[in-house]
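Both of the next two complexes hold subunit A, though its partner changes from subunit B to subunit C.
Up next is the complex of A and B:
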């Protein structure tokens, strides 16, 4: 620690920090544009010039390291003169279009010009003009003349996003921010550039001209999509969500937000929102009063449970449902005598049920990920499934951490990967077994060869090791064995192992007990042996289930299907009653993130039309069915009841015992590898038009190794017929030579592939 | 695709830098492409980016920053006339005017037969010989007069 003085204030600061950091930590503001605490130092805007004693000229505070005894004046005559001078230069070319600029009211340049700008301009020549750019459906670069070339967006791409999509081309007066050959910015974190831009050059395309920042009310909320539980501010006007911004939270999302969390709100008020309860009579849909619809639903359930038996009732919910909803759903189902309730819709191996000691979670806090120095990521589409966790890993790698990957695809993680083993799904268990063996050998001083040996060597050399199981590993048909092996590997390397939770409430579902008991049926068997009645909470079976073919067949054959959904969807074909429920912005609730953080939030707007929070709907259904304990008045009461006597920390436990590891019989023919594309994961993002216009939401293709394509006699770009079970889909074939042989990568969760079967297993590809 | 000659030259250049800093060779690589083709197309920049393992945009930044990289075809012989102070005082305006009269093109333009291109350039660091131009950034021609320019053009025409 060293002592410096800023504006007469004695400050103790760390050696190696900069003047601006020291000033900010002491609550002294220094004006700045290009400086950002999470980005590298550029020192190109010159706004933070300050006077330093004994220095002949003003120095940029962002790039000046502190020194013992340094005396800094941020508001002295010299400093202010320098700052005002810089401001005059910045305003020379900046258009005077604040009244029509989207950034107006939340613009750093506008704010600073109040303090440092002159009342009139001494510059009478022509201002420079920069042409607009089209950089994709999310970020608007329509008015690049406003750019002050701070290069925050460029540095964000390079340093946080991991890919340099924007850059500063040309020089001097002609310098401009642009992408290479007018390409779109395709990063899954691109929206952060909007926040970073201190002026109105990069603005939000969907939010463009929708409202002024001062007209918006702001409600704190929690991400309802990926499992990180990012803190966000939902901004509303006239009872409508107009924008979502990050709230800084260093333990979770730092100051970032993934595009999915940021732009999903565009899917909230689409034309297919269900706004009135509906029942089907004689094959026709009727809009009815809530009372009628609820009694109709209750009657349906009562009839089935009294007639065919309560075990004929099955309830499915997505892991994006709130803790309260999941808790009341399972309580209702159990109240009428059934145990069939589940939220793990894309899981296919349930053999851990009963052997798993607690709720599967990350195994550490999200902040601890940054302090880990060796990673083994098993079966994860990390960048797309957990964009901000990938960003954290990227930072860790820069500080020297090693990332090892075992997966069935080799997507670019935009970070240095130390070792990787890319194998077909049926070899995942085998390769993990090899790593485990190699680690044992490593401990005895012998190095094993091959990819497994290299991975083991990397893990053995670490101080703080983490083994993570991604979505793919959790959905894998041998998920239990993968888990047991991951546990073994973590133990051998004195590390931790955890699950990268699939959705916002993947941990919460366990805490809410929305899993079948010993006698109940899980998500898979509930659909494999069809029930007579189903309750679907937020579920679109053809998109949300591990085996859409099986799921659709089951709900179609059921006598009664009660759908609680925010949207009218395919359920119009098979449901008997549609109950309109509120998405996360319109209800209060709780999500438990993958690190076990319990976060409650309030509704930001009133429910649309006659939609109601699902917890209320379930409570009234409970009353109508005369189930005990359905008299909660608030969602908080439901949450407190759900978590009563539950010590969340002790409930989080990945440990598993009694799983026998045996090599799977190798598959005949091509095996399917399925990712759920980033913008196909849940009902809200699937309806967000701007997200659906991105490259990440492009039509799924059938990806095969080039040699496999040759074997099939198919050219890349030709249409192929993909069949699985009784269903088939026509997709365009594409070559990816980084895929292992013998696999086809076909996305799940998408309408184009909804006719296919399970996400894993054999699949046939023929020339169409 | 980068030609065999270019990759050989780049490989030689790469030996000057640490193995993990391949992008240090970007300026040389751009120069090799320009020497071979006369200009640098975006596709060439993408190829260089792939070869050196750096972002395409980073190559583009370098290529657009430096004036001597041609971003469009500038003829078989690009004449770059210095218009900085010393040359200007010694009559670079006359040089440009004479070239314009002879070739029928102004700065930034190419003759219809694609033989000559004309550009304005910055100080070439040899003001003693002002006014001057370079041919393809390689050959420096100084103390230009109308006669001398005609002579150089005739010589180039013959090649």
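Up next is the complex of A and C:
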């Protein structure tokens, strides 16, 4: 700690910090544009010039390290004169188009010019003109003349996003920000550049000209998509969500937000929103009153449970449903005598049920991820499934952490990966066993060779080790074995192991007991042996289930299908009742994030049309079916009942016992490897037009190793017929030589592949 | 003594004469009463009367939908909805002024960066039923079109003071 004086105030600050950090910690503001606490120092805007005693000229506060006894004046005559001079230069080329600029009203330059700008310009020559650029469907670079070349966007791409998609070209007055290489900004974190841009050069394309910043009201909310539980500010006007911004929360999302969380709101008010309850009579859909629809649904359930038996009723929900919804759904189903309820729709191995000691979670807090120095990531499309966690890992890697990857695909994580083992899905268990063995050997002073040996060596050398199981590992047919092995490896390396939760409420589903228990059927068996009645909460079976073929066949053969959905979708074909429910912005609820953080939120706007919060719908259904304990008045009451007033932390436990690890019989033919594309994960995201226009939402292709393509006699770019079970799909074949041999990567969760079967297993590819 | 002065004052009708002198003075003085509606008072070019929306000489509406007038209006009399027009510019789809709420402070005119919303010299207008004084965008544009010559002259006269 050293002592300095800023504006006469004595401040203690850490050695090595900069003047601007010291000033900010003491509550003294220094005007700045290019400085950002999460980015590197560029010192190119010169706005933060301050006077330092004994320095002949003003110094930039953001790039001046503190020194013992330093005396700084931020508002002395010399400092203010320098700041005003810089502002005049910045305004020389900045167009005075604030009235038509989307940044107007929340613009740093506009605010600073009030304090440091002149009343009128002394510059009468022609202003610089920078042509507009098209850098994709999310970020608008329409008015690049407004750019003040602070390079925050460039540094964000390099340092946080992991790839430099924007850069500054040319020099001096001709300097301009432009995209190169791909021509567009395709990062899954690109929206943060909008927040970072201190002027209106980079603005939100979907929000363009929708509203002025001062018209919007802010509501706090929680991300309903990935499992991080990012803090959101949902901005609304006229009962409509117009924009979503991050709320700074260093423990979760820092000051960032993934594009999925930021732009998903565009899918909230689409034309296919279900706004009135509907029932099907004689093959025709009728819009009816709530009372009629609810009684119709209750009757349907009553008939099945009285006739064929309650075990013929099955309930499925997505992990994007709130804790309250999941809790009431399972309570309702259990109330009528069935145990068949599940939310783990994409999981295929349920053998952990009963052996798992608690709700599977991250195993540590998200903030602790930054303090971990050795990672083993098993089966995770990390960048796409958990964009902000990937950004955290990227920062950890910069500080010296090592990331080891075991997976079936080798996507670029945009960070240095120490060791990786890319194997076919049926070899996942084997490679993990090898790592575990190598770790044991490592402990005895021997080192094993090969990829497994290298990974073991890396893990053994760490102080704080984390083994994470990604979505792919959780959906894997041998998920239980992978979990047992991860537990073993974590124990051998004195580390922790955990799950990168698949969706917003993956942990909450367990806490809400939305799992079948000992007697019930799980998500897979419920569809494998079709029930007579299904309740679907937020579920689109052909997109949300591990095996869409099986799921669609099951719901089609059912007598009664009650669909609680915010949208009209394929369910029109097989459902009997459609109950319009509210998406996360229109209902109150709770998500339990992957680190076990219980976050409740309130609705930001009123439900559209006659849609109602799903917890209320389920509550009334409970009353109609005369099930006990359905008299909660608020979602808070439901939440408290679901959590039983017990500390959630005590219920989180990844430990598992009694799983026998045995190598799977090696598969014949090609194996399917499925990812759920980043913008296909849940109903809202799938309907967001700007997200669907991004490169990440491109039509799925059939990816094979080049050699495999050659073996099939197919050229990359040709159409191939992919068949699995009864169904088939025509996709364009593409070569990815980083894939292991014997696999074909076909995305799941997409309409183009909805006719196919399970996400894992054998699949055939033939020339179309 | 006081009583004596009062006696002579009332006896000599002094107060009566004093009063008449005031009346007489105004009887012969220059009349300032305006015979409205035959006569009208002179107006400043800064007179703040009925609002109008202006256009550029090429017929393009001036308003760019920046909503500064809506934000500054102390009476919350202005309601604006905007949308992006086909040519990529932001334009108003709705621009209403509720003249019943309006207090004619002129802030809207002052805040307008493109001189689109102005207050004209017109003060003779009325409404016969509820809602008549709720002026919409086409009505405001029509007023602007009709009085553009006068509006432009007034702005020009005021320009050097701005």
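Operating definition for what follows: the second predicted complex is superposed on the first by the 765 of 768 C-alpha atoms of A that agree within 3 Å, B and C clash if a C-alpha of one lies under 4 Å from a C-alpha of the other, contacts with A are read in each partner's own complex, and residues count from 1 in each chain.
The criterion applied here is as follows: a residue touches a chain if its C-beta (ideal position, glycine included) is under 8 Å from a C-beta of that chain, and two chains touch if they have at least 3 such contacts.
As the structure is a computational prediction, the values presented were derived from the model and not from experiment.
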For the three-chain model obtained by superposing on subunit A, do subunit B and subunit C clash or fit? fit
Pick one for A:95: touches subunit B only (first), subunit C only (second), both, or neither. neither
See if subunit A has more residues touched by subunit B or by subunit C, and give me that chain. B
Scan A:180 for contacts with subunit B and subunit C and give back first, second, both or neither. first
Tell me the contact category for A:104 with respect to subunit B and subunit C: first, second, both or neither. second
Quick check on the superposed pair: does A:167 touch subunit B, subunit C, both, or neither? Answer first, second, both or neither. first
Is A:85 touching the first partner subunit B, the second partner subunit C, both, or neither of them? neither
Who does A:208 touch here: subunit B (first), subunit C (second), both, or neither? second
With subunit A at the apex, the angle to the CA centres of subunit B and subunit C, rounded to a multiple of 10 degrees, reads 80
Could you state the shortest Cα distance, in Å, between subunit B and subunit C after the structures are superposed? 29
Dual-contact residues of subunit A, meaning touching subunit B and subunit C, are none
Interface residues, subunit A side, partner subunit B - complex: 158, 163-171, 179-181
In the complex with subunit A, residue positions of subunit B that touch it: 42, 45-46, 55-58, 60-61, 64-65
So in the complex, which bits of subunit C are touching subunit A? 64-68, 71, 82-84, 89-90, 113-114
For the subunit A and subunit C complex, residues of the former touching the latter: 98-100, 104, 208-209, 212, 214-215
